[in-house]
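I'd like to ask you about the structure that follows.
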Amino acid sequence: MQLYPLKLVTVVGESVIMEDIAERGIKLGASGYTLVDVTGHGARSTRNVSMSGGARTQKIEFVVSGEVAVDILSYVSHQYFEHYACIAWLSDVSVVRGDQYVKPGGR
Amino acid sequence: MQLYPLKLVTVVGESVIMEDIAERGIKLGASGYTLVDVTGHGARSTRNVSMSGGARTQKIEFVVSGEVAVDILSYVSHQYFEHYACIAWLSDVSVVRGDQYVKPGGR
Amino acid sequence: MQLYPLKLVTVVGESVIMEDIAERGIKLGASGYTLVDVTGHGARSTRNVSMSGGARTQKIEFVVSGEVAVDILSYVSHQYFEHYACIAWLSDVSVVRGDQYVKPGGR
Amino acid sequence: MHSSEHGLQLLAALFAATGGGQLSRILESLERNLLTPIPLCFLLGIICTRIHGGIKIPKELYYSIAIFLLMSIGFIGGHELAHEYQAHGVATIWKPALATLFLGCVTPITSFVVLRYLGRMSIADSAGIAAHYGSTSAVTYAVANSFVEQSQHPANSFLPTLVTLLECPGIAIALVLGAALSAKERAAKAAAGSIAGIRGPGRESKLGEALYEVMTGQSIMLMAGLLVIGFISTLFMDEKAFQPFYEFFQSKGMLFRGALCIFLLEMGLVAGERLGDLVKVGPFLVAFGIFMPLIHGFFGVSMGHLAGLNLGGCTVLGAIVASASYIAAPPAVRLTLPEANPTYSITAALAVTFPFNIAFGIPIYYEMARWVGAQ
Amino acid sequence: MHSSEHGLQLLAALFAATGGGQLSRILESLERNLLTPIPLCFLLGIICTRIHGGIKIPKELYYSIAIFLLMSIGFIGGHELAHEYQAHGVATIWKPALATLFLGCVTPITSFVVLRYLGRMSIADSAGIAAHYGSTSAVTYAVANSFVEQSQHPANSFLPTLVTLLECPGIAIALVLGAALSAKERAAKAAAGSIAGIRGPGRESKLGEALYEVMTGQSIMLMAGLLVIGFISTLFMDEKAFQPFYEFFQSKGMLFRGALCIFLLEMGLVAGERLGDLVKVGPFLVAFGIFMPLIHGFFGVSMGHLAGLNLGGCTVLGAIVASASYIAAPPAVRLTLPEANPTYSITAALAVTFPFNIAFGIPIYYEMARWVGAQ
Amino acid sequence: MHSSEHGLQLLAALFAATGGGQLSRILESLERNLLTPIPLCFLLGIICTRIHGGIKIPKELYYSIAIFLLMSIGFIGGHELAHEYQAHGVATIWKPALATLFLGCVTPITSFVVLRYLGRMSIADSAGIAAHYGSTSAVTYAVANSFVEQSQHPANSFLPTLVTLLECPGIAIALVLGAALSAKERAAKAAAGSIAGIRGPGRESKLGEALYEVMTGQSIMLMAGLLVIGFISTLFMDEKAFQPFYEFFQSKGMLFRGALCIFLLEMGLVAGERLGDLVKVGPFLVAFGIFMPLIHGFFGVSMGHLAGLNLGGCTVLGAIVASASYIAAPPAVRLTLPEANPTYSITAALAVTFPFNIAFGIPIYYEMARWVGAQ
């Protein structure tokens, strides 16, 4: 079975910024994303007020090529790290039929 | 502490196929699985109609040996990649007391 | 962009033990954690009774340095592996501005 | 487009059938139907989605209301059935029941034929959509029932029983049809050397599974289960003890009507999203989603009249036969006919037929019922 | 199996005690109880799970109903208590309250002794199960209360207060007992060189935590909190303003009864899944899950009668003493007695005792109450 | 601390204004308000959080109740508006509507000025908090409305319309103010060489987005949407058919009052958590959270009286003007003013102003309304 080495970008943070990150990820070349509601605690989590009906925490994952991964992480870190509660990381994955997740004109 | 190198198989896709994938994973030798409701967007996501009360997206994870991992990925890709919205990937993990997650007569 | 190599510790298990694991993770030096409700099946899952209003399964993730990762895994395995349904693993991640997730006086 | 011409001809035929003089009465019924909270909530939902408004109904609330509505329909159905049974035995019921079963077998086939031969859709898509239109929508029932009650022509007491009977057969027939014809087609192609029929066995076992799942699905279990519970409790409990249960579930009561408003609001939100897919599904399927219900509705009304239903009963039977399932059918179709594109079936059922029935169909079936002479 | 013989002897003793002539009256009560929506919904849930049917109650609905039921029990309890208080002061209440506390201390011990010495179960398992049977199930209370209301023998007004009193002590006593005896056992083994008692301190702190969590758990907080709120509001508000709150929460009302139906449906779904575990837990525990409640129920009925409760009150007290907790107890036991296998306790409480009480127990306690002379 | 002295002076001024003799009447109103289930449930929530009790309201239940309350307020508002309209046309409504819009424009500015110049807070924080206090809390409306109904002085029928009008303008004005002043400040700093104004364009587009999101947010869509639906249905439906919808939504009914209890319980749980943040936000903001509402409340009551509202109407208008939004405002502020610390605004709105209004504010506005001569 053909496995392609790709990157998994994970961002956990305030739900209020996730829609934008998802859209931007697609624009930067991700073929899709996976989003899940989580709860969490972090250094700046006072920012992410835990009120009912208010802010929630979400986790978004993108399976992308290395370049797109770096672009997404740069965007997130420049745009949101200063004022929003969030964390972002990268890991290596092998994807089945991974070629279809590398958009040619992604950027 | 003893850590065993194993594989983490992740499949994200339409909830309608997840029960079967879970069962098959166990049959192929996984000692268990972890399932979570997510939302997502992908290339074929028109397939995965977002109606209330209808299709949902789920993510399933198996911690397994390399062989079982390949078997699960093969099954998923042959059985479901053509007609269903889903994505599958593999990554390396180190598991505490990992020996118990390698069934001898798994296959 | 500066990426730091760190570890991702993942524990999946009975919700009844997760609060303690989260607290202990912070004490051992994690800057935060991410928690999500899952469902799952495992070898000991009879333990983790699936009744409504009763036990649930949760997944907790810590992004931490290698040392803290080992400490958390040791704690979990000594404290909970014998009598509770749970699984724990480790993987490699590269974290944006990862220096801030390594507490100096963590231990 | 070629196929939409047929649609126009159908429309003309329908107009001829109902007669021009009916028009003003239809309009009057329409007004009586449209300017009530239930369709207006649906409209609000659609508007909200179209302007990207912020209404968000938690899906658990949606599921909870669905459960309550199904339980209500069943329980009150059982209660009324018990009274009917005590008064007339099964004398008044068996004819409508047979008629309903017959309609449940006919409508998936008419749908399939129209889709496959008039619409030139693939076998899988035709069968998939037919499964939706062969089954029924419990919410359309609930709205139709509210309409006839508000019009002072309540339906016969055993209509909920008929809803339960109509749920399954259509899905089953369409799926079996689709599976058989696809298998034949694949076999033909395999003989011609193009595809190896590897996945045959997997498919059959899935069909069996899917059929079982349809028959033991939530809608059937809750409606049929509560029907039995309502029936038994009515026979064995004294009235005072029965009262609070009756008030909770009763379909004329505030809980049922109010829950329906919230449910329709969410349906509107979902249908609004689907509106964008209307372009994808094309004019034929839109026309299908309007005219097929009118034809099926007319079948329902006529058979209901022949079987002796009253005016409200004929209307409601027409509405449920005309309605398309969007809860029980989709997962079953998805599992057994993976090549069928769910966008087609769900958009047609949810963004065309459902709103059409809620807004226009129900008053039209009512006038049809008067026209065939039901009282 | 050896231990089930004891069961048979117990049964015989019980029959002798109640007298053969009672049997027909018990059967009559049974019919009056069984053929009502609440137990029938439970049955529907069990059937649905057994045939792998599709009913799925969102867990948020289940939690929401639980919250509503607990608030109702508390609020109406407080309201009735205020009336009782205005009429008689604390004169009628202190005796039943003491009796209830006494029963809360006795039942975990009887349970533990039977499990450990008759059933030969491990200390942890015996204590874990005893914690469940020493506490109470609010839903069993609600069903019992519905039963006596339907039988025209409403319970004394302060029964909800007794439910609140009965919740905690049993769990606390069983956990302390279990922790102490386990520690002793471990110490003995450690002295014999087999295990190092490393985790001692962790355990004690967890016991304290768990006890605190039981005492400030959701059930207690909601029932006791709303009891106080109901009490105060009754004293200070005028009746008209109080009315909508009363209607919302009242336990004879449609909301309470209807919510109970849905709740029992879900309980049936869960209990149905547990039925498969009956084999694992073995015949002794099944017998325990039936006879222990009968004995505890008889304690409850008798003490209630001695404390001056009426017929309905004795029945309901019997039912709640007989009932086993499956909400508050499990997490507490899981935290403090990790060696205890939760399959045992929860299967016994949920798949044996709960259905037994709902279906047969409550009418039996009613007949017991008549037999001891309560009116 | 320096700034809290101003608070004391304000308090003294207020006391002088209301007159010492009012005090006993205020206390009486307080008792009539405080010892009812709604504020008591709020208190229970706070206590539960403080003692780490186990009450956990599923967030879906909370959202569902919020949806129901907003729909109710809108629907009943529309219904009453239709009656008012049939009786008097728009004659009685336009003045209060204008007054409300005026108040919606003034209160964010007074808040901003006080925060920025008296409290010396940053531009972003001042604007962010002002956005909360310029908008309104639907639940405070609901509680105030219950209070005046219980006091036999129901508010004018069109008050729900005013709530809808008051929701948006305040948020919009505060955000625009904040964005403009921050941009100016950043430009000044950039000119001074300290920061490059890179993210300018992103910000403007976000402001537009956020304003649109506020205006099409859930609260507005549901309240305004159901207002229209209630209005239309009242005009076109006959009364009998309208009845069940009315009963479901009506704000004096058991569902509304009961739902409010559960909602306030959850609000108490959340506010309880926030209490710990009071230390972080400092004495100035706590004082602000009490005195600003009193001043805004007085504005509201006076303007209401000038616009011809009755006693209940003035009270309720005072309460909603005094109230601070904690649902619509937070995400909008978070998106457009990222430097603003949400802990400040939400703690002030939720842990100070909301409880203050529920417990003390509403009876005070009632007495204010009597004092200005409203009847």
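As written, the chains take the letters A, B, C, D, E and F, and residue 1 is the first residue of each chain.
The rule we apply is simple: a contact is a pair of C-beta atoms (placed from the backbone, for glycine too) under 8 Å apart; a residue touches a chain by one contact, two chains touch by 3 or more.
These numbers were taken from a predicted model, which means no experiment stands behind them.
S.K.: Given the touch definition stated above, what is the smallest step count connecting subunit A to subunit E?
M.R.: 2
S.K.: Given the touch definition stated above, what is the smallest step count connecting subunit A to subunit F?
M.R.: Minimal hop count between subunit A and subunit F: 1.
S.K.: In contact with subunit C and with subunit F at once: which chains are those? Just list them.
M.R.: Chains that touch both subunit C and subunit F, as defined above, are A, E.
S.K.: Any idea what the CA-fit rotation angle from subunit A to subunit B is, to the nearest 5 degrees?
M.R.: Rounded to 5 degrees, the superposing rotation is 120 degrees.
S.K.: Determine which of the two chain pairs, D-F or B-D, is joined by the larger number of C-beta pairs in contact.
M.R.: D-F
S.K.: Measuring centre to centre with CA averages, how many angstrom lie between subunit B and subunit E?
M.R.: Their C-alpha centroids are separated by 41 Å.
S.K.: Please tell me the distance, in whole Å, between the geometric centres of subunit E and subunit F computed from their C-alpha atoms.
M.R.: Distance between chain centres: 43 Å.
S.K.: Rounded to a whole Å, what is the gap between the Cα centroids of subunit C and subunit D?
M.R.: Centres of subunit C and subunit D (C-alpha means) sit 48 Å apart.
S.K.: With chain centres defined as C-alpha means, what is the inter-centre distance between subunit A and subunit C in Å?
M.R.: 20
S.K.: Give me the residues of subunit F that touch two or more other chains.
M.R.: Touching at least two other chains: 57-58, 60, 63-64, 255.
S.K.: Counting only residues that touch at least 2 other chains, which ones in subunit C make the list?
M.R.: Correct list: 36, 91-92.
S.K.: So which chains actually touch one another? I want all the pairs, not just one.
M.R.: Listed in label order, the chain pairs in contact are A-B, A-C, A-F, B-C, B-D, C-E, D-E, D-F, E-F.
S.K.: State the interface residues of subunit B toward subunit C in the complex, per the touch definition above.
M.R.: 1, 3, 6, 8, 22, 26, 31-36, 63, 91-98, 100-101
S.K.: Note which residues of subunit E are touching subunit C in the complex, please.
M.R.: Contact set of subunit E toward subunit C: 57, 59, 62-63, 66, 199, 202, 266-267, 269-270, 273-274, 277, 280, 326-327, 330-331, 334-335, 338-339, 341-343, 346, 350.
S.K.: Could you list, by residue number, the parts of subunit B that touch subunit D in their complex?
M.R.: 14, 16, 46-55, 79, 82-84
S.K.: Where on subunit F is subunit E touching in the complex?
M.R.: Interface residues on subunit F, with respect to subunit E: 31-32, 35-37, 40-41, 44, 47-48, 51-58, 60-61, 64, 149-150, 252-258, 261-262.
S.K.: Would you tell me which residues of subunit B are touching subunit A in their complex?
M.R.: Going through subunit B, the ones touching subunit A are 10, 12, 36-43, 45, 57, 59, 70, 73-74, 76-77, 81, 87-92.
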